[in-house]
């Protein structure tokens, strides 16, 4: 995580325009120290979210932890866009849920705005409260999919919920789920 | 006082103290039958099939003191509006039947479990999950417990119904207690405190030893948190460095309820009293007596 | 006690006669009247019989109280049963018959599991001390004031009582209602409409075996009394915003009507008022399990009302569910002579998981092949 | 230990005990004063709602004191909190707890006072500890054993026992042992009953006669 220049581009430009080099050095040092200390502890979306926002620390989570419009998600496959988003500290945001209720749950299809691109994906783990025997994850996980239906990544190195396997036999998107499940490594 | 007033006085006093019938002075708005009245009807000789009194109530059985914490799911709810003697009895029958089929071991919040569940879509028709028990909730057939583990950078929690027929086995890998009744704060703690290897070998305690208490104090991670853990006085948490603002401090001061510490009636309403606990646990002692030699702790 | 004075006998007879006359004029004795709109009044209905009498402490000693209690029990046990005299003919069941219902008490709600592993909520309903107290055939029923013209001459009526009490609690008029059935006075009574082929004799006990496992029933009960409630809780309206300048506008209703030609508040506008304590149905519930020892029915889903409230249970009126019945239900009710074997303690539905069985295991079909 | 009094699942708020807005802390403050008053004077008069609320707290306090004893830390803490005048702690453990040692029913008694018309508009009540030294609230009722109804029912009972066979004999009949002399058993049963009743009667009769004299 050495992406400090990604974080405050506006500030940087302001400093460079004023040519106050001493101040610039100070701020850069401060920010770098801050990031290294926090991000070495754990790689979690919420940390990045917090860094991305500002120095003030306040929670942005909803009370029900539902996946709605503009809620942030983590990409867990090894696609290059997902990695870039994680390093840049810019998690993808949900633009649309292909669903009548407009609330995403496990196995629902969503459209995501990630690094300025429009991508489609499947929700593969939720922070929301779940039924019995269904796992509840600490983060909202998503697997990206191309328009043709093939997954963009080649491997998923995170566990997927076991109840996702019944989607393979369903009427909707059964072909796309078989492709996702074939690149998965672990089930919970 | 004139004569009429005296008469009214006499009537009211009679109303208050007539017979053994408990009078509730707060009028019951609901059109329901009270517990004691219903039990009287069930046992009365005028009815078609009068219910026989239990032999268990008359027997003198010593209930061990730790049974209250060993079998917490057998304790009925404290609210008398939600209680019924026959329903509880039928529910307990089902629970005992289930316990003969599957061995439910002794475990507490903070001990490590491995659970096998039937799953139609798994290739082996079975899934195994290992985790730390965070909470035990509810009573009767509704009891459930939550296991937590941290796998490949993902915190995962699964809730299980204890009396669901899908459960194949429950195995205790490490028997332990923690300082708190629920450990939901582990969600916002560093992941090493909730990571457990799937191939962990069970740790056996020597026979007859007491259940060890783990006095570990867990540090909290950086904010944002799921809830304001630092305010809630958990014993198993390290005090955080968070400095409260002026408004937050005022809010915390206002939310404090020091008078509830000694509110005796509030405690009585929220917790079930000891006499009711004993009548329930007597049955548990009788039913578990047969198996006790078989499933003694950590042989 | 054994030998009554002639004066007392005369007064009793007089009351019987008086009451019978009043009964034909008044409505049929029930606790439930079907009404088109919500009717709340403190006035007693026409069929009302005063149950309680002003009692004062007679100062009986503990021994004598117990003796009188025992005496009443003995009296009702030794009473000649009205069933032996003239048994009614038992009719045959067809799709249009209406059998009697029973009056049960809601005990609680617990989860159960199906054999495929899904969890369902079941309500427990206990039937305590149910007896048939009066049957009036359609011709007689049509003359009474409780009769509604749209029923025609199709239905007779049956009064069912539950929870038997000691007679000294009630008035003489109320106790006389039970002389025909020969049972102790009941705490609660209801009326059911019955088709003539399901005619039933007073004095018959009704148990949980009146229904079978797999039958569908309707449950009717009074909902929980919430008292005077606002518009948000009573009708589920949205209220106002919590902030953004919402002054005294958080839980209020919006406009009450338009202007112009149709101005004014229309009848039936949803407004704050008394909520609950109203009769409500839950239809098409399936019986999953029957416990004959305690007379308890396990029924799918939930019924209206709180814990320990009275529930009227009858055969379902949904036509599609009725057609699913393959065997004839016991007509007019279950007689213990019908069954040659001993009655089991529990009957369990095929789809329901029995806790005596081992836990569910799925079989891998592909590997078996 | 369970309470032997009726109580509601929802507590009364007792609004306005220390002015409007005193809230739940004001409620507890008032109840503490009532409990100390009850332990001090053994009988208090207040509004009925307040009496009914204090009743539960007083019962629980005596319950805890009798169960844990005066050497327990928790019991002393509770007593220290609820009794504002500290000399009463000694009275609670040394006087009141031994008084109710073999008591099965509730420790307190509650009465409703008549309404005065025109009056304050609230029900008034009296709360007292049982077995207190004060004169009784309700005057003691006359002994009812020699009322006419009682005497008549007594006679009926005796007659009933004579004529009716006992359930004990009926049971033997059902099992149908042929060679048992039923009449002898029946006679014995009646005799036993008679003797018991006569003894009781003679004793009471004597006392009654003495009183009349």
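Note that the chains are named A, B, C and D in the order they appear, and that numbering of residues resets to 1 at the start of each chain.
In this section, a residue touches a chain if its C-beta (ideal position, glycine included) is under 8 Å from a C-beta of that chain, and two chains touch if they have at least 3 such contacts.
For clarity, every value in this text was computed on a predicted model and none was experimentally measured.
A.B. asks: Name the chain with the Cα centroid closest to the overall protein Cα centroid.
C.D. replies: If we average C-alpha coordinates per chain, B lands closest to the whole-structure average.
A.B. asks: Can you give the whole-Å distance between the Cα centres of chain B and chain D?
C.D. replies: Here chain B and chain D have centroids separated by 34 Å.
A.B. asks: List the centre-to-centre spacing of chain A and chain D in whole Å, with centres computed as mean CA coordinates.
C.D. replies: One centre to the other, that is 69 Å.
A.B. asks: By the touch rule stated above, which residues of chain A touch at least two different other chains?
C.D. replies: 132
A.B. asks: Residues touching two or more other chains, restricted to chain C: which are they?
C.D. replies: 119
A.B. asks: What are the residues of chain D that contact at least two other chains?
C.D. replies: Chain D, residues with two or more chain partners: not present.
A.B. asks: What's the complete list of touching chain pairs for this entry?
C.D. replies: Applying the touch rule to all chain pairs gives A-B, B-C, B-D, C-D.
A.B. asks: Using the touch definition up top, name the residues of chain B that touch chain D in the complex.
C.D. replies: 1, 5-6, 8-9, 12-13, 15-17, 22-26, 79-81, 257, 259, 262-266, 268-269, 273-276
A.B. asks: What does chain D use to touch chain C in their complex?
C.D. replies: Residues in contact with chain C: 141, 144-145, 147, 149-150, 153-154, 156-157, 160.
A.B. asks: Spell out the residues on chain A that touch chain B in their complex, using ranges where they run on.
C.D. replies: Counting only chain A, the residues touching chain B are 38, 41-44, 46-47, 50, 57-61, 125, 130-139, 141, 157-159, 162-163, 165-166, 168, 186-188.
A.B. asks: Touching chain D in the complex: which residues of chain C?
C.D. replies: Touch residues, chain C against chain D: 1, 58-61, 63-64, 67-68, 71.
A.B. asks: Mind pulling up the chain B residues that touch chain C in the complex?
C.D. replies: 14, 18, 29-35, 38, 41-42, 44-49, 51, 81-82, 84, 86-87, 90-91, 94, 97-98, 101-102, 118-120, 123, 125, 140-142, 161, 164-168
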